[in-house]
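Several structures are given next for inspection.
After this come two complexes, each holding subunit A, first together with subunit B and then together with subunit C.
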Partner chain A sequence: MRKAAEWQLALPLALAFASIFLAPLLMLVGVSFFNDDKITQPGFGQWAKFLGDPFSYKVIADTMLLGVKTVCATVLIGYPLALVYLDASPRVQKVLIFIIVMPLLLSVVVRTFAWIVVLGREGVVNTVLMQIGVISEPLRLLQTELGLVISLTQIEMPLMLLPLISVMSRLDPNMRDASAALGASRWRTLFTVIVPLSMPGLVAGCLLVFASSTTAFISQTVIGGVRLIYLPLLIWQQSLVVFNWPLAAVVSITLLVSVLSVVSALSYLGRRSSGYLHG
Partner chain B sequence: MFSRRTLLAGATAIGGVSLLPAIAHAKGIVTAATYPGVWEDAYRSIVAPALKKKDDIELELQPLFAVDQIAKAKAARGAPPFDAFVLDPGPRITAIEGGLFEKFDGKKLTNASKLPAGMIDEWGVCVNAQVVGIAYNPKKVPAPKGWKDLLTDPWVSRLGLTGFQTTFGTVSLIEIAKVFGGSETNIDPALVELKKVLSKVAAVGQPAAMPSLFQQGQCDVMYTNTQTVATLKSKGVDIDFVKPETGAVAFFTTLHLAKGTTEAENAYKYCDIVAGKEVQEALTKPPFNFIPINKDVPLPDYLPMKSLDEMSSYVRHDWAKINPLRASWIEKFNKEMAK
Partner chain C sequence: MQSTPAGRTLDVEDLTVRYGQALAVDGVTLAIEPGEVVALLGPSGCGKTTLLRVIAGFVRQAAGRVRVDGAPIDHLPANQRNIGIVFQNYALFPHMTVAENVAYGLRARGVRGPEVQARISRFLDVVQLGGFRERLPRQLSGGQQQRVALARALAVEPSILLLDEPFAALDRNLRLDMQIEVKRLQRTLGLTTILVTHDQDEAMSVADRIAVMNKGRVEQFDKPVAIYDRPQTLFVNGFIGTTNLLNGKVSAREGGTATVALDAGATLRLPASADFGLGAPVLLSVRPEQLALSSVPGPECWRVEPGLSLPLGAQLVHEARTTDGVSLKIVESRRAEPPSAGRVYCTLTDDARPTLFPRST
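Then we have the complex of A and B:
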């Protein structure tokens, strides 16, 4: 009787989820099975068109690769930063947290356009490098994959650092002392104690950064330009420019499935590492 | 102490009274779709007060891109969420084909005689002109003469390109195609020629990012409309507009009555006030820089034409032919330009 009452309490939330999340998702799947942009002829035409074009696979691979590169860059920069945080005094930690969270307070559009100023032909980076004589001609940083990964690394960094710091802050400092007392060097302690223990936070950060960077339409198109084609650009073109909603739905589902596959794999890794640590 | 019943009655009375001023003052209301950004700002700050002052009609604006206007109107099936559309030529044709407009009676506009011939048809009224040509930075590159110059040095290495996503991008690429033997329905020559020089091109970007890229010196030549040139110029950017030797391109933005609107009379008054001298003149001023369509409004100096009639000689395009081809053009552009 009591269980039934609890189940009923959860019903409004379940219904809300069903109506605002599940129903549109089902509609999206439904729309993808129409051949024409007026959504009148059911069929697999749009799926056949998209999956039969080798260009689609290049775009899918590029999108996933962009996510992987951004994740690698955020880990390479974010992990040492988290270690600095771990060893800092409480006052410095507060300052660091403020610096880490600050970018989240700015709109992604503002942050992205700011990167045009930084990476542009007459931007901060090129001006400094030319003034100190490192280069004689401006480097092409905007509208390149390198420039895009650099900007996404900064934009997505809080998503890596917050879960990482959250997990690392809960590590028992005695573990490190014990490792040192047993004769392990600082590097060995890092790789055999701290990294394995912080794995759940690292995996959570990777998961968030990957999902966010592969779907970052504004950054991808503004910083990367339209020669770097990723799945979100195709969705935008089909849904908002040529009104071909069935094809837009096909590309959306492809993006959803691709991202979910990688995220699920990461999530599985996270669970395993968590089980390894606690079990 | 108050009983619950008394409290409820009091609250209802207070709530009811608070609605009274609105009912008492609003003679009418009209809901109009408008483009987000400059259009919304301009219509909120200029058109809405003018309509309220002249006809005592409240203007409620719904900022929506063209596709959203069409999608919402289609989804509403005869009970439109707004009374008036604002659309560029491409989406206008889509909406006409979809039966989303009421027939338009130009005689109901008091300003009809102030508009050049052909500005009102059976579907709506033109309220803004756009002139597309080439913008360049006079401090960095010489003035190009026409579309062909864009693909040669010194302009090509400073060129900023956009694809077929926008009206101005589409018409510019059509004009480039024409110079190389293409036509309104054949843009392949433009893509072939662009591909040859692609490695030199300074930027291939999203339309919305182009003004920023120009401002930051990422590119010094681009195709765009006079409104963007005037806006950048007012911000101190070194930019000039060139009318290509084969002619600048002109197209018009139009207002339409939504099928099934219950506020047709107020919607006509809204269209009329937008076409009127007072509003049109205010819209030509910075930061809006619209091109007026009312003959009584003097044209700003930066425009390439001396009078509105001159625009009849500008290049125009048939969007009924372009619309069905646009999806395949976008696909081709993606594939040809992709790194």
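Then we have the complex of A and C:
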């Protein structure tokens, strides 16, 4: 009796998920198998059209590459930051965690528009660089991939730092001392002890940043502009500009599958390395 | 290849460590002989672990020096001191096998090839874990993990071995086994060793000399027996073993002997230094095994109110209360016949060596 009652408690949530998540997803898959934008003739026409076009592959590759670049940038900046956090005093840690979480408290739209102000032709970066004489012409940062990666790196940074810090602060601090007492330099300790043991956090961070940056439609379009085309922009064009819903569905599923395959590969690596944590 | 590292001397000179305003270690001086095992013993927060961490190079001192074989090591970072350390939680690298853990220090020192394998085998054999090379630390028991930690520290042939509460996490029986094992290893290798512990039995059984620490200072640095029999401060007296404290007053003096009138109602003649003048209030400290119960009154006996008697292994612990309200513990060996009733007088045994301390009134 009681056993039955317990799973019944999960029913409302399960129903909600089924109706607002699973059902639309299935409809999306269904819609993708229609040839015309009126959704009357079933067929593989849209899939053939999308997968037969070399331009599609370029967009897929660009989208994945954008994710990879953002992940690399957040790792390169985030990992040293996490190390700084780990060494800081409890009071400094509190300040740092506030600074890290703060971006999450602001809407993506606000953060994205802030980056326009920073990166624009007459923005902060260009003004400063021109005044100190590093450049004579303003740099083009908006509507370039570089500018997009810079802003995505800041926007997604909390997603890298939070899992990383949570895993790293569970590491035994004696381990670093033990390594030093055995004669290892700081770098050796970092690469042979701290990095391998913080792998689960690093993988979780990469996973979140990758999934989030490849699908960041607002940042991609506002900072990247219309000339940088990624899968989310393609979906928006097909569904809300051209009203070719079957093609939009095809692109959506492609995005979903590409992101999921990278994410599951990453989480497989993460699972393999997580066994050491509580050892 | 059977190189036996000769024991080094370790000198700690006037060492002071500050954490903010607080003095964690306050002017500690210790001269440790080659091959000696010294226990730093004290309650938590007495500065013993901080002292160990300074020697290892993890904490920097505010003042004072540390010398190994006469050469100061204060300017060296931890990874250049060649000092082995075993932590309470062992701090094994959980992602490396037993063999990799042992090889870690060798690789960090640039040892390569067959030499590494030879030393792994040698030191795993030394700690009797030859068959566990490919296990991960979490697949080992606590005692085995500690052996790995020991092998890892010893494999680099350190000049000094530091043990930070290494037996605290082990259960009672295993603890004794490991204490014997560590002592045996230390003897074979002739390593100068410092052991931090809050467990006096452990310090007594493992160490050649004990430094009893309190509030950042060394209260007494001596052989275990001397510390037990001749505690130099009231703190050491109370911290080591169990003791009874009786209030009294010096009622007469005669050369090296003082007559002490106990508030409990007895007069005892005891050897005492000149510090204890006539009329000085004193505290008399007597170990429980140096007291005896008797049914016969006498000038050196005081009356007590007998309380509970508890059998404790081969011994019997009596509880008794003096007329001035002090609760005493008296230990005697358990005999076949039950003790006769009416034993209401307490006295010192013949071999009793009570200690006098000045008492502030």
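One rule holds in what follows: the second predicted complex is superposed on the first by the 270 of 279 C-alpha atoms of A that agree within 3 Å, B and C clash if a C-alpha of one lies under 4 Å from a C-alpha of the other, contacts with A are read in each partner's own complex, and residues count from 1 in each chain.
Methods note: a contact is a pair of C-beta atoms (placed from the backbone, for glycine too) under 8 Å apart; a residue touches a chain by one contact, two chains touch by 3 or more.
What you are looking at is a predicted structure, and each value in this text was computed from that prediction instead of being measured.
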| item | value |
| --- | --- |
| Superposed partners subunit B and subunit C on subunit A - clash or fit | fit |
| First, second, both or neither for A:Q8, with subunit B first and subunit C second | neither |
| Partner chain(s) touched by A:S136 [first = subunit B, second = subunit C, both, neither] | neither |
| Partner chain(s) touched by A:V242 [first = subunit B, second = subunit C, both, neither] | first |
| More subunit A residues in contact - subunit B or subunit C | B |
| Subunit B versus subunit C as contact partner of A:V193, first or second or both or neither | second |
| Contacts of A:N174 with subunit B and subunit C, given as first, second, both or neither | second |
| Subunit C versus subunit B - closest C-alpha approach in the superposed model, Å | 45 |
| Subunit A positions touched by subunit B in one structure and by subunit C in the second | none |
| Partner subunit A, residues of subunit C touching it in the complex | 53, 56-58, 77-85, 87, 89, 91-95, 104-105, 108-109, 136-138, 152-153, 156 |
| Interfacial residue positions of subunit A with respect to subunit B in the complex | 37, 55, 58, 113, 116-117, 120-123, 142-143, 145, 221-222, 225-229, 234, 237-244 |
| Contact set on subunit A toward subunit C in their complex | 172, 174-175, 177-185, 188, 192-193, 196-197, 273, 276-279 |
| Subunit A partner contacts - residues on subunit B that touch it in the complex | 65, 67, 70-71, 94, 162-165, 202-206, 208-209, 212-213, 216-218, 326-327, 330, 334-335, 337-339 |
